[in-house]
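Take a look at the structure below.
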Amino acid sequence: GVLAAGLLAAVASCSGDGTDKITFGISVPTMSPGWIALAVAEKQGYFKAEGIEVLPQFLGSSGNVLQSMTVGRTEIGTPTPEALLPAIDKGQDVQMVYQWTRGPVQSFAVLPDSEIREVDDLRGKTIGVPDLSSGVKQLADASVSQAGMDPEKDVRYLSVDVGVAAWDALNRHRVDALMIWDTEYAAMENTGAELRYMRADGIDDLFSTTFAANREWSEEHPGDIEAFGRAWTKATIWASENPEEAVKVMWELYPETKTGRDEEDLLEDHVNILKAREESVLLGDPEVSGTWGEYDPDAVRKWVDFATETELISPGLDVDEVYTNRFAAAYNAFDPDSL
Amino acid sequence: MRAFLPLYVLVGVLAAWQWLPEELGVPDFIFPKFSLVVEKFTSVETLRLLLSNSWTTLFEAFLGLVLGAASGILAGFLLAESDVLRRAFYPYLIALQSLPKVAVAPLFVIWFGFGLAPKVLIVALLCFFPLLVNTMSGVMGVDANRLDLFRSLCASRLQVWRRLLLPTSLPSIFAGLEVAVVFSLLGAIVGEFVSADSGLGVVLQQQQNNYDTAGVFAVLLILCALGVALNQSVAWLRRRVLFWQTANK
Amino acid sequence: MRAFLPLYVLVGVLAAWQWLPEELGVPDFIFPKFSLVVEKFTSVETLRLLLSNSWTTLFEAFLGLVLGAASGILAGFLLAESDVLRRAFYPYLIALQSLPKVAVAPLFVIWFGFGLAPKVLIVALLCFFPLLVNTMSGVMGVDANRLDLFRSLCASRLQVWRRLLLPTSLPSIFAGLEVAVVFSLLGAIVGEFVSADSGLGVVLQQQQNNYDTAGVFAVLLILCALGVALNQSVAWLRRRVLFWQTANK
Amino acid sequence: MTSRVGIKDLEITFTRSGEQPTTALSGLDLDIEAGTFLSIVGPSGCGKTTLLRAVAGLLELTGGSVTIDGDQVAGPRRETCVMFQSPTLLPWLNVLDNCLLPKKLRGRVQPVAEERATELLVRAGLKGFEKKYPYELSGGMQQRVALCRALGTDPSLLLLDEPFGALDAMTREQMNLDLHEMWARQSPTTVLITHSISEAVFLSQRVVVMSPRPGRVLEIIDVPLPDKREAPVMAEEAFARTCAHIRSYFTKGERNVDG
Amino acid sequence: MTSRVGIKDLEITFTRSGEQPTTALSGLDLDIEAGTFLSIVGPSGCGKTTLLRAVAGLLELTGGSVTIDGDQVAGPRRETCVMFQSPTLLPWLNVLDNCLLPKKLRGRVQPVAEERATELLVRAGLKGFEKKYPYELSGGMQQRVALCRALGTDPSLLLLDEPFGALDAMTREQMNLDLHEMWARQSPTTVLITHSISEAVFLSQRVVVMSPRPGRVLEIIDVPLPDKREAPVMAEEAFARTCAHIRSYFTKGERNVDG
């Protein structure tokens, strides 16, 4: 009884009081080079310089992040749109506030010698996805539909997890193609795997993981959001310019990520993964255009339309309500050369 | 009055489930109230979906339970029988148990493919241990006089096993079974989480993903009901089989 | 000869682990041979990492075990004591157990925060049931004559509990503990898989990320070792406490 | 420190669903005056133990009533002490702790209680076995421990179910004398079940002879001997006569044990 | 169908680590000729049960040797049958199945074996209880079931540990006669532990008197009675004289029960 009470007390005290502490809920289970900006911003003091303290929480999936946001345990979360839009549709009062991955992170992959050349060739084939329920599969469905096939009948899905299991399934021809995402493919290639990628035309604009915040909180703490976004931007830039340093920073702050091969190989591997993620993060060169974290209204509309079409959400969701660009100027308000 | 306590508790639990979330202002997609969950069971389509997937999960759980329980009981007798065997193999069996199922599930998928096998094996692995330990513990508790009786009658090891140790350890084995039968469901779900094309675990993930919390709760409710039903079947069986234990109370 | 069986088995297992993967042409990142796993333990840095994370996991497992076991034993006695209580509450406890931990772990994180609490609770939930069932089963097996003795001495319920039912059910409780102590590790890992910043579950996932299968096996090896050590501690304790059971064999 | 027991029209039937019920006792009447030493003899399986357990409040009656000092017996009572037919020692307690169990259940064990128990054990020939565990004792030794446990409680109603069944003649005689002495000193109402007719006569003021199942009282025999009993009593003619009278019940019919 | 038992310099000591060892038997010599009926009497705790268990091959000897028909006893033997001091019935078997257990362990139970067991049960006064379970029986009834179980096995060496301790005088006498009759018919070598001196003399050809612990043989008394025993034998002078002789061992010292 006493113990339980103690635990609950501990729980109560760790839920932030909201001034300068921001709990950042992340939709993957663990730290990875794809999220290296987090480590960099911390280590380089970008968060501190902005007067905020960020408490990162790896929550495993977008759903968990969103739920955590509803009960106010997480201020800023990193859902994917296919999880976020239905939540908004169901009445969760959240808003996209920072455009992070500006394009899709996932694509089909096949072995180099596969007879599958384009998405059309997938007819009658088996596609490996991390699990049958993930957003990955929804986008796979969409891609297959784009190519004029019926995802229910013309292809088969098999859940193959990620990592070794997924690679092994492809390699042993238990599946004909994989549908996973950038950083996972990079990790596979790091092990010497050779992959050939394909993407359906129609889903090019469907950006992936993005940052969202509780609307009420963001109205009360606009400064915190701006501070966070600016620090994140700085870290992203720094990491893209100093990838090796960035990886070492990650190792330092997250020592458990430094495991596996010897240090040099691992450094190369992690830089590769980081680079893979940057393809979507740096898409359209936001540095040049000064549009870090800013949403392209058309891209958002495409997403909402797509979600409506695929019955993820009911028709009539107001596009302007799901995102805001009002903090975007602040994200870009710094001197890149000062980094 | 006291006889009605179970009923009161039931009503209380359901009432709390119905009213508390609303009272506390918890949104439906975080903790849906009871009526919303019940609604899930009113659509024929949903019912059919739940039914067919429950069947898959139950089947995996059942196969794994039979496999795990049978080998657990057998191993329990073998290890209780011989000190040498116990010292030689028990540590490895414990080691096997200490492998987190969530971590080995992907390995199982690699080794055993995507079919029934990995799920059944995970269930078996989870059910094996309670029966192993409880069988051993039951055998240890055998009355020394009865053992002497059998020894004096020159009973073979198999006879001692069948006519003395088995009945003696049955109460303990049944306790193990009561635990294992519930764990078998958990194991099937873990297996389905990693790789499956049907089963309640898949439905659960899909509904989580669709933000259909009431659906998630409906599946959890089904799992609870299955767990209770399985457990109570074992308890019922125990009362039948262990008549001499309940009768003299 | 027979006394050396454990040693032979150990050597056999390790030899198979070392040579079989190569013989069968299994790639290292699917099933690394033993020497590769051992190598993991040669770097001071890795060792330090493993040690500190083992500590986290052990701590969670231990807290949860204490919480779950204590409440399981207590509930076991209460439910064994009263038929009405059992009928009123046992089904809910089973229902609670039937909730797949992998599915409720995220809910726990949301309800109880990111700290120790959700992991400890998952562990407690997992450990609760074996002890509940085994305590109840142990109490049921009490000798009717001994119960009459206590009744004839007008012993209070608490006295019957403390001086008769507790010692009587100790063998069964220890069997439950032996199971629970191993499950406590599994629970901690499940909890860490959902949300954690340290612990063997985190290391495990990182290694999976890095395709460091040898590292995964190293962590699994540690978990096995911890499981065996915990289980053997309980077994050792049992032999001490249950001296009257082992002595007359 | 003594209790009066009244048994009226007692019936006890054991039923197991789907089986023929067994009527152990039926229409049994018996009054035991306060402070009496009463023995019960009867064929094996006639319901002696059942009667004892009914008086101890350990059984639900299916008919009739049992009263102690005028109160209906509804459950075990503090002033009653039972020694069961089997020793029923707790395997996790050593001999001394087994003896002290009743005291422990009634509060803290005073050093004087421990001395008392040790003394009883020594008188029972168990010196040096205080720290041994039950499984290290012979059958007769276990029985003696159980008796010591019962005698240590100073009850006002003492119920003994074949306390000396596993003892040799001499130990038994010695224990008989000890029991008599204790009864003479504190005169608890004592009910003794025994298969030894001479023991019954030697120790009791009254002997109840029971019929085969369903058990009833055949006769209540007043023992025509002085209250103070010592070994020479057994040589008296009245002793032999009473024994013979009781024995006649057991040899009357040819084979009337059990049904 | 009979066995010769030889016991040489037998010593049995029980040790528990950290405790003082108990020497139950020391330097015990005894030869039992094939087909003899031999009884053992001695104070409670003197080592009778221990001796029986050693002969049955259930104990590891700490010294000396036990042979049956010249073979060293290394474990339980098929031709030996033991009846233990406590009934040791299996609670999950009914009375008849408990009796048939030895047969079951030796192969399929023939209908004739079942008839035989039923008959034994009837002779033991347990008619109508064949389908009851042990907890539904009185102490004495359980003991009779255990005896029926032992007698049903037709052993060539029969070891009985206080088989009649919980029986009333009359049932006991009847069972004595039954046992004697069975022995006379099949003459297995029989070792009977009893606390009843008259029972020992009535049934046996020889009576062994044991000393208090550590148990040794004090005297082996040949019973000067004809091999065929019937109730009138007890009236003979030789019977009374032998009983008195044995009893003298139990009354010699003042209080020499146990240590």
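When the chains are written out, they are named A, B, C, D and E in that same order, and each has its own residue count from 1.
Note that in this section contacts are C-beta pairs under 8 Å (C-beta built on N, C-alpha and C of every residue); 3 or more make two chains touch, one makes a residue touch a chain.
Since we're looking at a predicted model, the values are computed, not measured.
J.: Give the chains in contact with both chain C and chain E, ordered by label.
T.: Expected: B, D.
J.: Starting at chain B, how many touching-chain steps does it take at least to reach chain D?
T.: Shortest path length, in steps: 2.
J.: Centre-to-centre on C-alpha atoms, which chain is most distant from chain E?
T.: Following the centroid criterion, the farthest chain would be A.
J.: At what distance in angstrom does the C-alpha mean of chain E lie from that of chain B?
T.: Chain B and chain E have C-alpha centres separated by 50 Å.
J.: Using mean CA coordinates as chain centres, what's the gap between chain A and chain B in Å?
T.: Inter-chain centre distance comes to 37 Å.
J.: How many angstrom lie between the centres of chain D and chain E, each centre taken as the mean Cα position?
T.: Centres of chain D and chain E (C-alpha means) sit 26 Å apart.
J.: Enumerate the residues of chain A that touch no fewer than two other chains.
T.: If we look for residues of chain A contacting two or more partner chains, we find 61, 63, 67, 71, 163-164, 168.
J.: So which stretches of chain B touch two or more other chains?
T.: Residues 30, 106, 110, 144, 193, 208, 245, 247-248.
J.: Which chain E residues touch at least two other chains?
T.: 16, 86, 135
J.: Each pair of chains that touch: what are they?
T.: Contact pairs between chains: A-B, A-C, B-C, B-E, C-D, D-E.
J.: Mind pulling up the chain B residues that touch chain C in the complex?
T.: Touch residues, chain B against chain C: 2-3, 5-6, 8-9, 13, 30, 84-85, 87-89, 91-92, 94-104, 106, 110, 129-130, 133-134, 136-138, 140-141, 144, 171-172, 174-176, 178-179, 182, 185-186, 189-190, 193, 201, 204, 208, 216, 220, 223-228, 231-232, 245-246, 248-249.
J.: Using the touch definition up top, name the residues of chain E that touch chain B in the complex.
T.: Within the complex, chain E touches chain B at residues 53, 56-58, 75-78, 80-82, 84, 86, 88, 90-92, 101-102, 104-105, 133, 135.
J.: Which positions of chain A touch chain B when the two form their complex?
T.: 61, 63, 66-67, 70-71, 83, 86-87, 90-92, 131-135, 157-161, 163-165, 168-169, 174, 312
J.: Where on chain B does chain A make contact in their complex?
T.: Counting only chain B, the residues touching chain A are 27-30, 106-107, 109-110, 113-114, 193-197, 202, 205-211.
J.: Chain E touches which residues of chain B in the complex?
T.: 143, 145-146, 148-156, 159, 163-164, 167, 243-245, 247-248
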